[in-house]
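You will see chain A twice below: alongside chain B first, and alongside chain C after that.
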Partner chain A sequence: MKTPATREAAAAALLERCSDARLAEPGVKNYLTVRLASPKDLLAAARLLKGELGFGYLEMITAVDWLGPMKLEGLVSSRNPNPFTDKLPGPPVPPAAGAGAPYRPVLDLLWSFGNLRDGVKVFLRLEVPRDHPEVPSLAGEFAAADWQEREVYDLLGVRFAGHPNLTKILTPDFINGHPLRKDYAHEKDSYDGD
Partner chain B sequence: METDRLIASEPGPELESDTMFINMGPQHPSTHGVLRLGLTLSGEVIKRAAPDVGYLHRGTEKLMETRSWSQCVVLTDRWDYCSAMTSNLAFSLAVEKLLGAEAPPRAQALRVIMCELNRIASHLIFLGTYGIDIGALTPFLYAFREREMILDLYERCCGARLTYNYIRPGGVAADVDEGWIAKCREFLEYLKPRLDEYDALLSFNPIFLARTRDIGLISAETAVHWGLSGPNLRGSGVAYDVRKAEPYCGYENYDFEVPVGRTGSCWDRYFCRVQEMRQSARIVAAALASLPPGELRTKAVPRVVKPAAGEAYAHVEASRGDLGILAVSDGGAAPFRVHVKAPCFINLAILQEILVGKKVADVVAVMGSIDIVLGEVDR
Partner chain C sequence: MGIILDKAPMIARPIPGGQVLLTTADYFIDLGRKYSVWPLTFGLACCAIEMMVAYAGRFDFDRLGVIPRPSPRQADLLLIAGTVTKKMAGPIQEIYHQMPEPRFVISMGSCANCGGPYFDSYSVVKGVDRIIPVDVYIPGCPPRPEALIYGVLELQKKITRMKLAKGGGATHQQEKGSRDLAGSNA
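Take a look at the complex of A and B:
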């Protein structure tokens, strides 16, 4: 009987094998997050997780564009939501984003690997610059990466080197650009408040 | 004659039919929404299958970035509209994790009751529509009759029948009264013999068995490789259920089993769902029996939700698999980023592999057994 895998042991093995990797603090709340130093380490880390540590279940691939802060005036509505009375004050105008958010011009990628036998998971983090976002594809190791990488490519513009079919998946063909990036200014229309 | 011999010795080595490309959908009754399958056929055999999604992409993840945290719950209803309660729950749990709050015990129990009822309702839709896909029209009418009773229960409690907005960050929106609890118990009693009836009518129907039993086999390795979750993963024999692996809302206090299949065939995936309905009914009965009194919303979640900068991941066992929400806050009034790990989207991708080599007639049987909702595939 093998000893059950723990996320601590997995994280320690990752830190040992990948140079300059470190534990992300704060990472995803209540989970262990390992931040890789460079895209070169990704394949090795994924193979280590899958082959030796039993984390063969790729649950999620996603990314966050940390360009900020967003201007929310006119978006989070400041209008009185009740059209039948003009006496009630509307909800307060949302304040600007809080301090302490780590805005920087990067795309922060996130992978989640699960060990189904022991029910534990480990998150991998990797930062890539917004103007040259390229990481190796995991589609060769995990079929689950196929569509999820296409989704991240479509919505955030990260190129996955070695992906067999890196094409748009969710947005229509006539749309240029990557909608989940933060560099779109909102144009007010009839759906927005005053 | 030479030609006679060639025709008689099937399959003839030189008899290669031309390949043909056909579009299945986006307006096809068996795609349950707007999904297009590009099928390349050689005769009747599928050489290549390319699912084409995105027709229902409404950009809810982007929309959330310009709405306050509590307004976002409304958008979660629109992902998996057959099982909106679990989407509500996943998002609410993520927000609560960000805030470090926890819903009161009564709200937790109500969440379990509503989500399990929703699982039954959702699996009833699957059972009915899968029967139609295979050619059995009658079970659909029965399944929707039962589902209607669940929708009536929802309507009585929260006023909505499809998009509930019932489970919210910090608790639930409305309480249930004694009359509701009695009605719910009545429904559970009513459902039990009906499930046996479905088994007699559909599950062990020889025609249904012949169309599904040895079709669309997915081995456990393949299922894990493609990241399947929910009944699709368990149908292949992998007993992974988020309610057991990472219990939320007090699922660890309820006694239930995780049904698994043996071969990973269409029938195994189907029967997993049928058995899950029994388990869900069992959980609802237990939760009703031990429904604690108390308040419905915790004070730890303020009216204007503004979590400190950080990120949280919460996932639940939704009707169609492991639904995860990554919520990132920059301390502002709106989410900085929300990512939905949508089980339907990930489950659908495996069609590329398992349809190859199958006959055209089996496409609908295999696709139906994956049980997708396009609202969640495309978000």
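Take a look at the complex of A and C:
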């Protein structure tokens, strides 16, 4: 019987195996969160988690586009949404400098691994540049990564090198671009009308 | 049967008493159709949950003759219960054209009526009436089963006003706008 995986053991093994990886504080919902330094470490970290530490369950893959702040003209309707008052909602207040999110042109990827036997959860984070987002695919290690990576590719345009079938999964074929990117501009299609 | 119904007005109108025969036939055909509105088992989003409740014991759609059918070939009614995404728009049109005339469409809930909270979305059709004609709109987010039952009762009222003389085995659905039910009593 293997020794049960713990948060501390997983953190130590990940930090030892991946160069320049560091613990992200605070972690995602206070779970163990490791920020990788480069996409090269990802496959090694995933193999370590699955093979040696028993994290056999890839719970989800997602990403955040940190581009900002956005100009909201043309994106938000200027009509009064409330017919019971004449007062229009004011213009959106830009966040004060230094407060809130640090905007930068990166896509922040997030993987969540679960160890169902011991009830431990590990998050991996990795930043990739927006103009050339490419990370290795985990589809060879985790079958669950197949559709998850297609979803992230579809909505945010991250290219997963080595994925067997990296095509759109959610949006229809005639939608160009990746809708969850901050600079996504929607082109009118036949269903939009006037 | 459809061919007989389509030709009936042409044959019956010239003969004496044919109009009475047609009106009587309309009455009985509409009566039959009214109490056997069979919808397609088809749900798109959370409105489908309310639709399922309406079929189940407490609300019991069966007593109105509403029995879900597994195939569009056997269905009279297409219940658009939920958000119509652009990716689903094509399959919905396909299902609609697989249904035999006379066919009815009920648009259930804000999303199917006009896009609802997803009006500004890149992926949602702003109302199912942009792709297929609709008979009855039910507002709500989602509408309660009582509202759905009321919608079906309104559809039954429309069915009683349909006439063989308007073609299509009954008053057929127009490409744009509602059915031409003008000049009907009831």
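Quick notes on this one:
We take it that the second predicted complex is superposed on the first by the 152 of 194 C-alpha atoms of A that agree within 3 Å, B and C clash if a C-alpha of one lies under 4 Å from a C-alpha of the other, contacts with A are read in each partner's own complex, and residues count from 1 in each chain.
Rule of thumb we're sticking to: a residue touches a chain if its C-beta (ideal position, glycine included) is under 8 Å from a C-beta of that chain, and two chains touch if they have at least 3 such contacts.
Since we're looking at a predicted model, the values are computed, not measured.
Looking at the shared chain after the overlay, A:112 reaches chain B, while chain C stays out of its contact range.
When chain B and chain C are set side by side, the one touching more residues of chain A is B.
Residues common to the contacts of chain A with chain B and with chain C across the two structures: 170-172, 179, 186. Against chain B, the residues of chain A that register as touching in their complex are 26-31, 56-60, 62, 64-65, 68-70, 72, 75-76, 91-92, 94-103, 110, 112, 116, 119, 123, 142-144, 146-148, 151, 155, 168-172, 179-180, 186. Note for the complex: chain C touches chain A at residues 85-87, 89, 120, 122-123, 125-126, 130-131. Against chain A, in their complex, chain B makes its touches with residues 53-54, 57, 59, 61-62, 65-68, 71, 97-98, 222, 224-227, 238, 240, 244-246, 304, 306, 308-313, 322, 324, 326, 328, 330-334, 336-337, 339, 341, 345-346, 348-350, 352-353, 378-379.
Residues of chain A that touch chain C in their complex: 77, 170-172, 174-175, 179, 184, 186, 189, 191-193.
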